[in-house]
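Note that subunit A is present in both complexes that follow, paired respectively with subunit B and with subunit C.
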Partner chain A sequence: MPATLLELVRISKRFGGVVVAHDLSLSVEPGAAVGLVGPNGAGKTSLFSMVAGDLRPDAGTISFDGAVVNRLGPAARCRLGIGRTYQVPKPFERMTVFENALVAAQQGAGARGQDSHHRAFASLERCNLIDKVNREAGSLGLLDRKRLELARALASGPRLVLLDEVAGGLTQPEVRELVDIVRSLRAEGTAVVWIEHVVRALVGAVDRLLCLAAGVVIADGDPVRVLDDPAVREVYLGTELAIEGTV
Partner chain B sequence: MTWFNAILQGILLGGFYALFACGLSLLFGVMGIINLAHGDFAVIAGYVAVVLVPSTHLPMVLGFLVVVPIFALGGYILQRTLFQSALNRGDPLTILLVTFGLSIITENSLLQAFSANGQSINIGSLIADSINPNNVISISDISLVVLIVAVVVLGTLQLVLSRTSIGRMIRAVADDREAAELVGINHRHVFGIAAAIALATVALAGLASGMITEFAPSTGTSNLLFAFEAVVIGGIGSLWGTLVGGIVLGVAQQIGAQINPAYQILAGHVVFLAVLAVRSRGLFAVREAA
Partner chain C sequence: MSAAGELLAPSAIDGTGFTVRRAARSSGWLLGFAAALVVLLAFMPALVSHGDTSLLVNVFVLLTISTMWNLLAGYAGLVSIGQQAFIGLGAYSVVVAAINGMEPFTVIPVAAVVCGVISIPVAALVFRTRGGYFAIATWVVASAAQLVISSITSIGGGTGHPVPGLSSLAPGEFANISYWSALAVVVVALAATYLLLRSRLGLVLAAVRDNEDAARAAGTRVTLARGVVFVLAAIGCGAAGALLAVTQLQVEPVAAFSVQWSAEIIFVTLIGGMGTIEGPILGTVIYFVLQQNLAQHGAWYLIIVGTVAVAVAIWFPRGLWGTVTRRLRFEFFPVRYQVVGPRPQDSGSPT
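Take a look at the complex of A and B:
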């Protein structure tokens, strides 16, 4: 296994005058848990879209597990092991919770027959959805939608999970539940990159924090140190950085 | 008893309409494509059978063994090339215009090649065979076969969609193609599969049409209208709804014809309008996602 799981080299992307990535390079090791913060419009979600294959960078290369994946679409990248959740969950509304996970296990992880069922159940159990497997996904509330979004990503057998604001809108105990899941993923060697505005959730779960502003990494390292960085405080001026009461 | 017979004939006719409509329903349900060339594809199937099947020495009634695989393959290729490039433009009008253009080109090419004369698929004595329990009621064998084929096709499709991994892929893509990509599904390939199924079913419908009645290059347009009405009456996205929609349309037409032969088509349109007015989403509308 290469020492680096995900490697971005000099990625640039702009939409008209808006720069979402400027000469951005970063790497993520297998099993790492990396937090990603930054003000709105910093390019965090666009970065995820470029890694997941929804968006093509204007310049630079994206490598996963040693292979350049720039030309691959999102489905192919998922099958390679890149899982992603959306900020606003996108379950298959007219399918059951179980089917949502099953389709990910079969198409993303390539599992067949009983194996795909076990995989789907395991991911649902892990995300506390086991009592709702037969519910239509469209009928779920926000927390369960977020759980399903994560369960579906996990069922696809990822080696890297991109979490986009999964904790937003959740209560503290609910956030704690998510943090526990992320910790357990790390223990299994799955790398996690997590965008979150609820910084206290991040600090408890990641061992490295990146701060992005205008498409540039302005700080990278130990979470507490990054949050203390004057440059980070500067871009967050006027925004509350709630790191007290970490979970 | 004559009314009972009218209803019975309507049900038989409805099976044919449903067979016609299910491909239309599938293309719309999965890709959001309103295929205005749908009826013309059925007509092409008829001509393909007339031209190709004799050379295989198969009886005409087994012509589907030749035509259906050709159409399934053609459907996949058509989707991956012309339809996909139209969908990539992102404007729903583009694909509508493409299918409209395809319809016009098809109709005129067929006119050029085969003239405007009607043709039919020769199935020998089967065309005249019927079940006659009494003097009034007469059930044509071939119409009954078409109804059974329609029920089997729709039932199989429903089963495939709900129980198999390909079916779940199709439903996932129909639900949210972006999210489907995210779990490893290549939505373009799934679109191709859906188009292959749709064209395979329309080929069956075209063959049925050629066996029951006549077809000509211009038949496609009226076929399309009935297929549309069946889909809308039944409710877009529901395959069993499409079967019921076809039957409702068929029964309405036959009852209209019973009142006055001139009312046959009109009665169907009136029922279609009535359903639209009372339940605009159709009788078996699939609940719209929240």
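Take a look at the complex of A and C:
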């Protein structure tokens, strides 16, 4: 296994005058848990979209597990082991919760027959959705949609999971449940990159924090140190640090 | 994949006590009922007049093409308004084969396959477009096919061509063979659709229907799945076109390639419920009931049909069957997965 799982080299992307990535380089090791913070419009979700294949960078290369994946679409990248969740959950609304996970198990992980059933079931069990397996996904509430989003990503057998604000809008016990799931992923050697506005959730779950502003990484390293960084406070945190301190 | 195993038997999820089933408890006997209905329909020529069986031929043709369109638009997200291209090409495949001395009824499967082959380069062309542009592109293909066929004088040009080789059959015999051929085509189309939707590809299509982006993110090869559906729909529409040729004895480009087909298909599928197997069946029945009872009222017939379409679109956006299946969680053709637990569903693991 290569020393780096995901490697971005000098990625640039702009939408008209808005720069979402400027000469951005970063790498993620297998099994690492990395948090990604930054103000709105910093380019966090765009970065995910470029890694997952939904968006093509204007310049730079993206490598996964030693191979350049720039030209691959999202489905091919999922099959390689990049799983993603969407900020606004996108369940298959008319399918059951089980079927949602089964699609990822069969297509993303390439599992067949009973093996695919088992894989889908295990991911749902992990995300506490077993009592809702036969529910139509469109009838789920926000917490369950977020759980399903995560379960579907896990069912595809990822080596890297991109979590886009899975904790947003959830209560503290609900956030804690998600943090536990992320910790267990890490324990298994699955790398996680997690975008989150709820900073307290991140600090407990990641061992490295990146701060992005205007398409540039302005801080990278130990979460507590990054949050103390004056540059990070200036562009982003200011008020949030106080909240973090009270939790 | 153990196809038969995955299709029929409940399968246990090892070590959990849970089982995965593909049918609601009530659906087994309903499938039996469907089989009995097919047997009953097979004996129809002995029970009703030739006028009634020829009406049923039209019902089966419309149901076949609507079922194909439902796969395209209801599952694969391909809203085509050009399926008449393959209806016309299927019909003309029969004409060409019959001119060359082949027996028209036996050519129906061949015509279907011809349409499937033609659809491959067509897919390569129209798949470059999306949404509304795709719809228009398919219509352009259908119109182009009509113009090409109309310019070939050896098959009658713009005025059309009779289907030779059918005059040796007695009228009664001809009506019966027409009916059974149409019944065979519609049963094969529905059975193939059912099996397709129960397969791995069916699960993919349901996912694409619900959310294309999420389907890709879950590893689904959306374009490949769409390509397969496009070819299958061309095969089904080709078979329906071939049926029209043999049952109507005469093929004309304006009628065979008419965009009217697309209007009827869309009406039937939307009324019944897009994205369900049962929807087009219910829609076809409603369409013919309206037609048989109102056709003599001229313009009022069209006004009522239009009003029904608008009313369903407003109050039953999932179509009539779509509303039934959502409220009652009931499927005539069970394609869904159901996880059956060792304990009651609502007292599972803590949330």
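Some points to look at:
Please note the rule applied: the second predicted complex is superposed on the first by the 239 of 247 C-alpha atoms of A that agree within 3 Å, B and C clash if a C-alpha of one lies under 4 Å from a C-alpha of the other, contacts with A are read in each partner's own complex, and residues count from 1 in each chain.
Everything that follows uses one rule, which is that a residue touches a chain if its C-beta (ideal position, glycine included) is under 8 Å from a C-beta of that chain, and two chains touch if they have at least 3 such contacts.
Predicted model, so just to flag it, every value in this text is computed and none were measured.
The superposition on subunit A brings subunit B into a clash with subunit C. In the superposed model, C is the one of subunit B and subunit C that contacts more residues of subunit A. In the superposition on chain A, A:Asn134 makes contact with subunit C only, while subunit B stays out of contact range.
Within the superposed three-chain model, A:Val182 lies out of touch with both subunit B and subunit C [touch as defined at top].
Of the two partner chains, subunit C is the only one that A:Gln114 touches; subunit B does not reach it.
Judged by the touch definition given at the top, the superposed model places A:Arg79 against both subunit B and subunit C.
With both structures placed on the common chain, the touch criterion links A:Thr96 to subunit C but leaves subunit B unconnected. Within the superposed three-chain model, A:Val192 lies out of touch with both subunit B and subunit C [touch as defined at top].
In the superposed pair of complexes, A:Ser156 makes contact with subunit B and with subunit C alike. Contacts of A:Val226 after superposition: neither subunit B nor subunit C is touched. The contact surfaces that subunit B and subunit C form on subunit A in the two complexes overlap at residues 52, 54, 73-75, 78-79, 83-84, 86, 90-95, 99, 102-104, 106-110, 152-153, 155-156. Remark: subunit A residues 52, 54, 73-75, 78-79, 83-84, 86, 90-96, 98-100, 102-104, 106-110, 112-114, 117-118, 121, 125, 128, 130-131, 133-134, 136, 152-153, 155-156 touch subunit C in the complex. Put simply, subunit A touches subunit B in their complex at residues 52-54, 73-76, 78-79, 83-84, 86, 90-95, 99, 102-104, 106-110, 116, 138-139, 152-153, 155-156.
Residues of subunit C that touch subunit A in their complex: 1-2, 5-6, 11-14, 16, 18, 20, 200, 203-204, 206-207, 209-211, 213-222, 275, 326, 336-339, 341, 345-351.
Interface of subunit B with subunit A (complex): residues 165, 168-169, 171-172, 175-176, 178-187, 286-287, 289-290.
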